[in-house]
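Handing you this structure, nothing more for now.
Order as written gives the chain letters A, B, C, D, E and F; numbering starts at 1 within each chain.
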Amino acid sequence: MWNVSARRGWARAGARAGARAGARGYCTLSHLDEAGRARMVDVGHKRVTERAAAAECYLEVGAALLELLRGARGPKGDALCVAQVAGVLGAKRAADLIPLCHALPLSVARVRIALPPPGAAPRVRLTCEVRARARTGVEMEALSGCAVAALTLYDMCKAVDKRMTITGLRVLRKTGGASGDWPPQGTTPPHET
Amino acid sequence: MWNVSARRGWARAGARAGARAGARGYCTLSHLDEAGRARMVDVGHKRVTERAAAAECYLEVGAALLELLRGARGPKGDALCVAQVAGVLGAKRAADLIPLCHALPLSVARVRIALPPPGAAPRVRLTCEVRARARTGVEMEALSGCAVAALTLYDMCKAVDKRMTITGLRVLRKTGGASGDWPPQGTTPPHET
Amino acid sequence: MWNVSARRGWARAGARAGARAGARGYCTLSHLDEAGRARMVDVGHKRVTERAAAAECYLEVGAALLELLRGARGPKGDALCVAQVAGVLGAKRAADLIPLCHALPLSVARVRIALPPPGAAPRVRLTCEVRARARTGVEMEALSGCAVAALTLYDMCKAVDKRMTITGLRVLRKTGGASGDWPPQGTTPPHET
Amino acid sequence: MWNVSARRGWARAGARAGARAGARGYCTLSHLDEAGRARMVDVGHKRVTERAAAAECYLEVGAALLELLRGARGPKGDALCVAQVAGVLGAKRAADLIPLCHALPLSVARVRIALPPPGAAPRVRLTCEVRARARTGVEMEALSGCAVAALTLYDMCKAVDKRMTITGLRVLRKTGGASGDWPPQGTTPPHET
Amino acid sequence: MWNVSARRGWARAGARAGARAGARGYCTLSHLDEAGRARMVDVGHKRVTERAAAAECYLEVGAALLELLRGARGPKGDALCVAQVAGVLGAKRAADLIPLCHALPLSVARVRIALPPPGAAPRVRLTCEVRARARTGVEMEALSGCAVAALTLYDMCKAVDKRMTITGLRVLRKTGGASGDWPPQGTTPPHET
Amino acid sequence: MWNVSARRGWARAGARAGARAGARGYCTLSHLDEAGRARMVDVGHKRVTERAAAAECYLEVGAALLELLRGARGPKGDALCVAQVAGVLGAKRAADLIPLCHALPLSVARVRIALPPPGAAPRVRLTCEVRARARTGVEMEALSGCAVAALTLYDMCKAVDKRMTITGLRVLRKTGGASGDWPPQGTTPPHET
């Protein structure tokens, strides 16, 4: 990039502190520059490839609420539908929520919500898959989709259960980048052991 | 509300299924009407009172990343600052993300980020407090602030650590509603045992 | 308002043309000033009262699509649910879409979707009701809710039916303003004859 | 897509109901999956082509308001200009309003507003044309542009005329998709007979 | 606010550095806490009063462009109208753009644009006035309205003139806060000498 | 584009006035059509190339505030960080703020903030650089990034200094369009003399 700040004598804010910081090595965080300043990563030189990512999280609920949700599932499913819709919008808005995240035209974003089998711990599983033909990965979109869907489900249930927790929000798989797929093919995702 | 759908012969979508559903009791989910249709709760009759809520979550990270974040904390702290800023914006945007959530003019939203003491599990703690003079509570704003801050921190760290997990996103305290404070005064929040 | 434009000699853009225009009377459009320039109406002096509005529109569809929607209504109703959710978000975003519309904290926004009785014309009815305690009316919010819900339903159905039309988008009722309720009590709304 | 929901024993919400639904055939709505759940259509495999769409709608107004608008047209035209600007923004925001709609980088969006010839029915015609080089069509953008422009014009005129109706919102033409142009070349659009 | 970060042993990021910082006095920046962390100011305890603010800026243009704008002013004025509309939307969106700014329901936002008298320096003057009944001032809304209007005018003119500059963006007047009006009554605003 | 407005007898709003206007030549403003109506420029025929732009502006502050900002720069820098983050989000949102501006997927947006050397005039310099592979330039994104960053810094400092001014907001350089780089290679930007 151009050195537009380089007017003689102007102190790039934090420059000296940054020099010290560099010596301590945190510039390996690609979103911090050599002076410790936050920045977007430039993806202009990366190739457009097919990118995909999947994320998941859980909404832990009480047994009584789970029973209500099983009922809601049957004839109408609206509570789950509202959460799905919000999750898709959340995935599409990732770059508007996350400051250093790139806006990407998504090919698809899908959110699924599943209730636990009888006898399992009372928690709802939310997953989000995203695809795009883009210069950078889409895991933030998948994570945002899960998070917003879970918050929306929380919102609809909070009058019944005040102790819900959203937990286990993480990336399951990711393909298509120059750094290779993750987790590497042939290995089991750490989260599914 | 007016019965604007009541044109003779027009089937309110899902009405019969809803009748069955009502018998099964899930209309105690206040965000579903008697037919199981999702809806906003009408807060027009509630009093304007001082509302407050606090939420927290954790970003579980690897030891190497934690070390980098400790370095970032020292001279500049930009990684944490970016996450804080995004969290405040996320709290202000809760009603735009969560479909059935009411837009409220917030008095304040604050996000704090803390690193664990030496020897503790490697995870970053994010908290968000929100206040408003409003007719309904602000826990969704506090949760959204935490979630967006954590996603933003995840985004900046994902090149270093692909196994991060956001966990334990929940409400810590909430005051000011007709239903009383939560958790009731004198009790310990379940999350702080 | 202050006369901040009144620097001597500076031409308020369109001032002379506006003088002519005023003579032609269109300054009775409250959103145009005396020079014909668009402007928000100042509502600061109006009282906060309980405001409500209801709007409706129709999505005219082919008979085959209507049959599909009747099927969708039964077990899941997701197509209608997605449209409802989008409509609620649309109502909340009215002031972001409509430049001279005031942002109001809504007490509630509800969207309902109804399929026609057998033998009636093949069209889906969408209604939206909005309430707020505010200084100005909420009919734009109700109209926006209907419009966005109908567009969303259109989007989901467009692969099946390319000749759909959204029609009859209008205000049904409105209460709570200084200018009295509309339509006046005791009269029938013109749209329901 | 990956089968991320396929944890043994977890009930995909609505799966059994969906099986029944599939038998009833509404899975031909491409925005519903085999279980009746709403979803975005994956456009990743489609080719990038030049896409265009045009839509129209009408704002039906009273004769007195039409006269005011004719006056506004002459010297300043601001009422119409505000509606045009809002329409362009509305077209650009279609994917933010319509949950399952893809965000596309538009090449152009144009909104035009025309007053009726003397003696014709008192209604304002709004049209919107959109172009993009994209993997999917732009008719939702064109429809959104019309709808938001019409709502904006409604907003500015509502103090004068409370019986306005937005009507006839539909697609006029669409080109560039794999499914061919619509209406097929050589035929007259159904709306222009 | 609650001390939600006070888990024993957890380091509030930047705490020690903050202690040093406090000694250096910059905590008089009300948007930084005692540790130098950015934060929203809590306005919950302030009274709701009538607030108003006016701001201005200039778009410096070349003489040829000014001539074009004078022409645009006459019959249509659309270039100026587009900028006005964008400015009003920009004022309403201030809290979405400026992280630590409070969302306020505005009573009115107005943008005016004026061309210079013959012989004066070739620059366009943009002013924005905002009013709200709120707990905090509206100068950021007025400044945002000016800035977005000027950027929009720049955008429309940039093909003709690449050397435009937006300059002199500042608050002219502000009334209604506990700290009194600004500039104090009886004095001349510093910008109007 | 299609002539969708060409229904016989319908008056394209402003057509006759426009004819007069055309004679006066302002249709060389590419964002106005031959009738003086604002419009987006169609960029569909332009080639996708690497585009870059840099912009700058200044926040003029009092000496006391500058001293506070120098202190803030040292240990934490949060005030500057908040402004940077807001600037990046502002650059990404340019097309949502500026009606006739095209939405582009940015490769990178970076905001830098620098304090003046001792003895220089008390003003903060903000720069923003943006890159994209796109069909049109990114100078509006760079300008928006500067403007929003400066407004954010203003917001955080306004309790200390009410006389701040944002000034000198302009494009420094721009490359990658069919019209060649600006300023032409080998020349000095006019702003850096």
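Assume a residue touches a chain if its C-beta (ideal position, glycine included) is under 8 Å from a C-beta of that chain, and two chains touch if they have at least 3 such contacts.
Note that this is a predicted model, so its numbers are computed, not measured.
Shared contact partners of chain A and chain B, listed by label: C, F.
Within the contact network of the assembly, the step distance from chain C to chain F comes to 2. Homomeric contact chain B/chain C is classed as different-residue, with under half of its interface positions used by both copies. Between chain B and chain F the centroid-to-centroid distance comes to 34 Å (mean Cα coordinates, whole Å).
Computed from the mean C-alpha positions, the centre of chain C lies at a distance of 16 Å from the centre of chain D.
Averaged C-alpha coordinates give centres for chain A and chain F that are 30 Å from one another. Shown for chain B are the residues that touch two or more other chains, namely 14, 17, 37-38, 41, 74-78, 81-82, 85-86, 89, 93, 99-100, 105.
Of all possible chain pairs, the ones that touch are A-B, A-C, A-D, A-F, B-C, B-E, B-F, C-D, C-E, D-E, D-F, E-F.
Against chain C, the residues of chain A that register as touching in their complex are 75-78, 81-82, 85-86, 89.
Taken together, the chain F residues at the contact with chain E in this complex read 14, 17-18, 20-21, 24-26, 28-32, 35-38, 41, 57, 68-69, 71-72, 74-79, 81-82, 85-86, 89-90, 93-94, 97-101, 139-140, 143-144, 147-148, 150-152, 154-160, 162-171, 174, 182, 190-191. Taken together, the chain A residues at the contact with chain F in this complex read 1-2, 4-5, 7-14, 17, 37-44, 95-96, 99-100, 102-105, 134-135.
In the complex of the two chains, the chain C residues touching chain B come out as 50, 52, 54, 56, 73-75, 77, 80-81, 84-85, 88-89, 92-93, 105-110, 112-117, 120, 125, 127, 129, 131-133, 172-173.
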